[in-house]
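Presented sequentially are two complexes of subunit A, the first with subunit B as partner and the second with subunit C.
Presenting the complex of A and B:
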């Protein structure tokens, strides 16, 4: 196996595993040549696991706009290619049949969700934000000091967002005057 | 973390208490096991449960949930009594020799209280919690540590009754194991030995959460383990970017970079700066927070751009101000919502109907909203609360919007791990269906709201209309946001006061050292200044060099602050700049070239004993590690109080019982019992498993993971199981003062009963990953049982110990 990197070795093993399960008698080397690996010609990009805070680096393989494989990144000094069961199952997070794929709305008293457009949902949310903010905005406190806050709207989340998103989100919420801004770090 | 994950390999003693890395941070075990293998490090696990981490431990000490301060207080006494502290370190780098106001009294004098307690408000007046100052305003010191008012003598007195026998009586831990643990930990009070502590929610989720951590911080200071390779106080944070989301302040009490949120009484920017910029009379203190004015002004410039000028206070008035006498924390939100005071609510990437303690109250509160917006990948117990158990959708008027967002591989951006390392994620694929990246949702929402205010006017629209929000025409350019977080020049600077060089408007600042308080720089978070400079996006770096062999990997991604991998590293050297441990030098003073080598030091100034030298704890106004923690709500020294709910007596302070300043709520749904209640004779505790994550929304929908852990379970010990007629695999009902859930019993010796105060302490352990919505028959949240009684400093709930009962279903 001289000259074969650990990752190539894994690719080889995987190829032989697939073949052996359908009982074709080929040597591992031949099987590598004869079968199409699912990561062949896939676009490789690196990512970081979205679960715990160790910050394990990942390689995400995509083909035809779809994630086909997720592996630990052997270059990372932190995880050196290793992943735990959660990180190793990220393929199923990316291609997940249970995900909601379009905006939903539930009207007062309704018993079911209704599919709606983004345009409608965001407009309706913006209307409600404005109406609630305008109605409950507190310009000054009882001592006459400027406070410019709204207590009738609250926000929680999220440690699952990227830093840049967290930044935009708190900027938006603070611009609206919210003081009830919290997230996972509190609990 | 003061240190970082790879650094665990440098430890001699790894203490895991209030955490379970093998289960919840699995890959970190790589470095813990490497320390064991390569340097013969000892792994100590102190936990109510024989955890997966404990299975790899050299010493496992079982203790009763919530008794950590008794255990650690006993350790402090052991270190003092046997003079095992690192004397040069504590004298030079801590306040141990400082004299305290003689009017200060502690729990030994006042039956469990500190001086200044007001039983009416259940708060302390901290007037006496201060040092004695000399005529220059510098604390008086007694380096002999003999003055009865010095911190050392007060500490000694405070823990005088935390004897081994008392510790055993309170914690239930076996005496010989307690002693062995003390011996191993205290062995690191030498210059060339270090211990590290790994803690997580097992410490924070208590009404004495902050004091749990402070107890260990005191121990690490006494042993001289802070700033050292293989040392420090290390929070194993629970989410991939909870460090970043905290730094960037999705929290009520801080703005990005730990700048306090303005209060009503801080009427203008001048007042804000005066109140929040510490001054020091200590000539050797760098007092880093003296730079606060630069950071708040640069933040206001990032928020309001050209509208923010010196003349208009940089739009300081636009920022919402908190009521001085109130908090706006997580449990305050749901209390206000329960009482009908909150009309609109965003749950963005969160599932509070399962993640919040006393979840029944939260679920009821959601029904009082006019509108709810949930942004998530999956429909969950919060977004579908209106069809949850006990709910009649027809009667619930709340409008709910569910916005489907992109997953982590469908967008780009940075996240910060527990070791403060910000790493970049690239987009691998487009989001499926009509899912949208969160940043795009925020952008669209902002523009819609702005449009309405532009067209229709409204109440005080200025902060919205004048918000500096230009991140691209149609789509958000995430790198543009990252650049704003780093900071840039807002105008040409002919000669910068720092380096006398010229800078152009629009150029990125090189680090926070270059930020200014005159409006010539904008910066979204000073701590991240240096992450995206003129040299590019440092968070994308993939350099694998490790010249010191200590695993700093300084060219891999980027770490705040200023790429410093180990915080307080000036404490790793003696006052002449020589490493305490020459074999593991984090930094070292190169006398010939007059500069530091190694990690990025906490300030470029020379070593303490040299001309211009500074003290190591640069974020503290006095420059030293504070063993006397006067800033806390519940006392300068950690004190053992029982959990709010506990079937046992407080043997040390029977008159106080639980933390006298712990916060509780008073709605009809805020039930808790104090002291012994025969209806709930057992101790409940919650935790996590490797295969699931938080409320389980992500992992319950991942088929492989769900197959591994399909259903809620409760771990109970064989004695209790026998007494209750429960067999392994039986369905059981667990009740608490707040609710009940079913679970599948796992009868196991992992969670054996301890003898506490002459009786058996049975503990029932329950993971909190489940919810009624999915999968069918998976069970509901363990948080239906937990109490929303909270720590007075952090307002985090006590979900690690509460009272329960159990019966066979």
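Presenting the complex of A and C:
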């Protein structure tokens, strides 16, 4: 850029401003195996790996609303950019023909799953939890001691839960009166 | 940009194969059918859609202990790449800056001479018969990023950097054997070992084919004469065996 005068520089910047506003990619096509860096101009968002309780940080690269690459976040003190094979495969979790996109419901005795709305599914779960809890709530044990517990519902957590999620679940389940609160990692 | 290299330290590898998956993710390579071969090694070989994999080597040492060695299997990006020398259409290239051996599928005619010439039997072919192998993520390297396998490696078993510097570092860390430091003009993938390369099933004293230059000239002459080179033609002239 050494030989560019101020006038020419302005012309160049104006030119590239116009070009960038009509978004034409002027980069020369390279003869590499992959012709263009696929995360070039992609939108970067941070996320957390959903698999294990380590909770590695991710950068998700998206173009036109479609995920094109998922990598570890180098700024994270947890994984420092690294990912295990499960974490490294997250691209195919986002882009997968088998991905379930809406809640499915199979009524008792039914053989087929049917699509339902989130609203219906969540309120139905809440209704049934409340019905079971109310029906089987134990106020006092056989010796008359106040116990306030529910033995008819159990909760199983998973290793994918992080600290904060475990805390919230524990709070909710204890509030409902559950005593059978288990964790997949203990099985 | 100085010559780049990967430093692979099998002693640090835990065999998680994050590198294999990260490679597939970055290069948008599909999964392939595999089979259980009685070990955890999977997939069983490099293919047109698997550019790197970890070899699982089970050995019993002198003390009678079982050793489980994890060794990266991929293109080693030779300093004097036989594949580039023999390729009659210059589809295989060596990057002048970084020393990376890469390729252009559009130029490849699928004659498979590169596989015949490769001292490590690395090049594979996709379903269209075009060359496929590790290209050192040259797109990432040129953009200032590390290759996908390096970035994902949780233990630092694959390191990336300027070749001279990472070799110096490996020596300072006490690795006595640096496989690839001098072999074939110095490999772009260097293995830091504490035992002989043989222990890790790495080819000792790899050599380019003796008639490489003559064969390359012959292939180019054939193309000039209008012969459509293919694996069967190369078999006829004895370049591909079997």
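A few notes on this one:
Going forward, the second predicted complex is superposed on the first by the 121 of 187 C-alpha atoms of A that agree within 3 Å, B and C clash if a C-alpha of one lies under 4 Å from a C-alpha of the other, contacts with A are read in each partner's own complex, and residues count from 1 in each chain.
As a convention for this text, a residue touches a chain if its C-beta (ideal position, glycine included) is under 8 Å from a C-beta of that chain, and two chains touch if they have at least 3 such contacts.
Treat the numbers as computed from the prediction; the structure is a model and nothing was measured.
Using the contact criterion defined above for the overlaid structures, shared-chain residue A:160 touches subunit B, although it does not reach subunit C.
In the superposition on chain A, A:139 contacts subunit B only, with no contact to subunit C. By the touch criterion defined above, A:111 lies against subunit B but remains apart from subunit C after alignment on the C-alpha atoms of chain A. Of the two partner chains placed around the shared chain by superposition, subunit B is the only one that A:62 touches, whereas subunit C remains out of contact. Judged by the touch definition given at the top, the superposed model places A:36 against subunit C, while subunit B stays out of reach.
Looking at the shared chain after the overlay, A:83 reaches both subunit B and subunit C. When subunit B and subunit C are set side by side, the one touching more residues of subunit A is B. In the superposition on chain A, A:127 contacts subunit B only, with no contact to subunit C. Residues common to the contacts of subunit A with subunit B and with subunit C across the two structures: 70, 79, 82-85, 87, 89-90, 92. Chain contact summary for the complex, subunit A toward subunit C: residues 30-38, 40, 69-72, 74, 79, 81-85, 87-92. Remark: subunit A residues 43, 45-57, 60-62, 65-67, 70, 75-80, 82-87, 89-90, 92-94, 96, 98-111, 113, 118, 121-130, 132-134, 136-137, 139, 141, 143, 145-187 touch subunit B in the complex. Across the complex, subunit C meets subunit A through its residues 16-18, 20-22, 24-28, 93, 102-107, 135, 138-140, 142-143, 148, 151-154.
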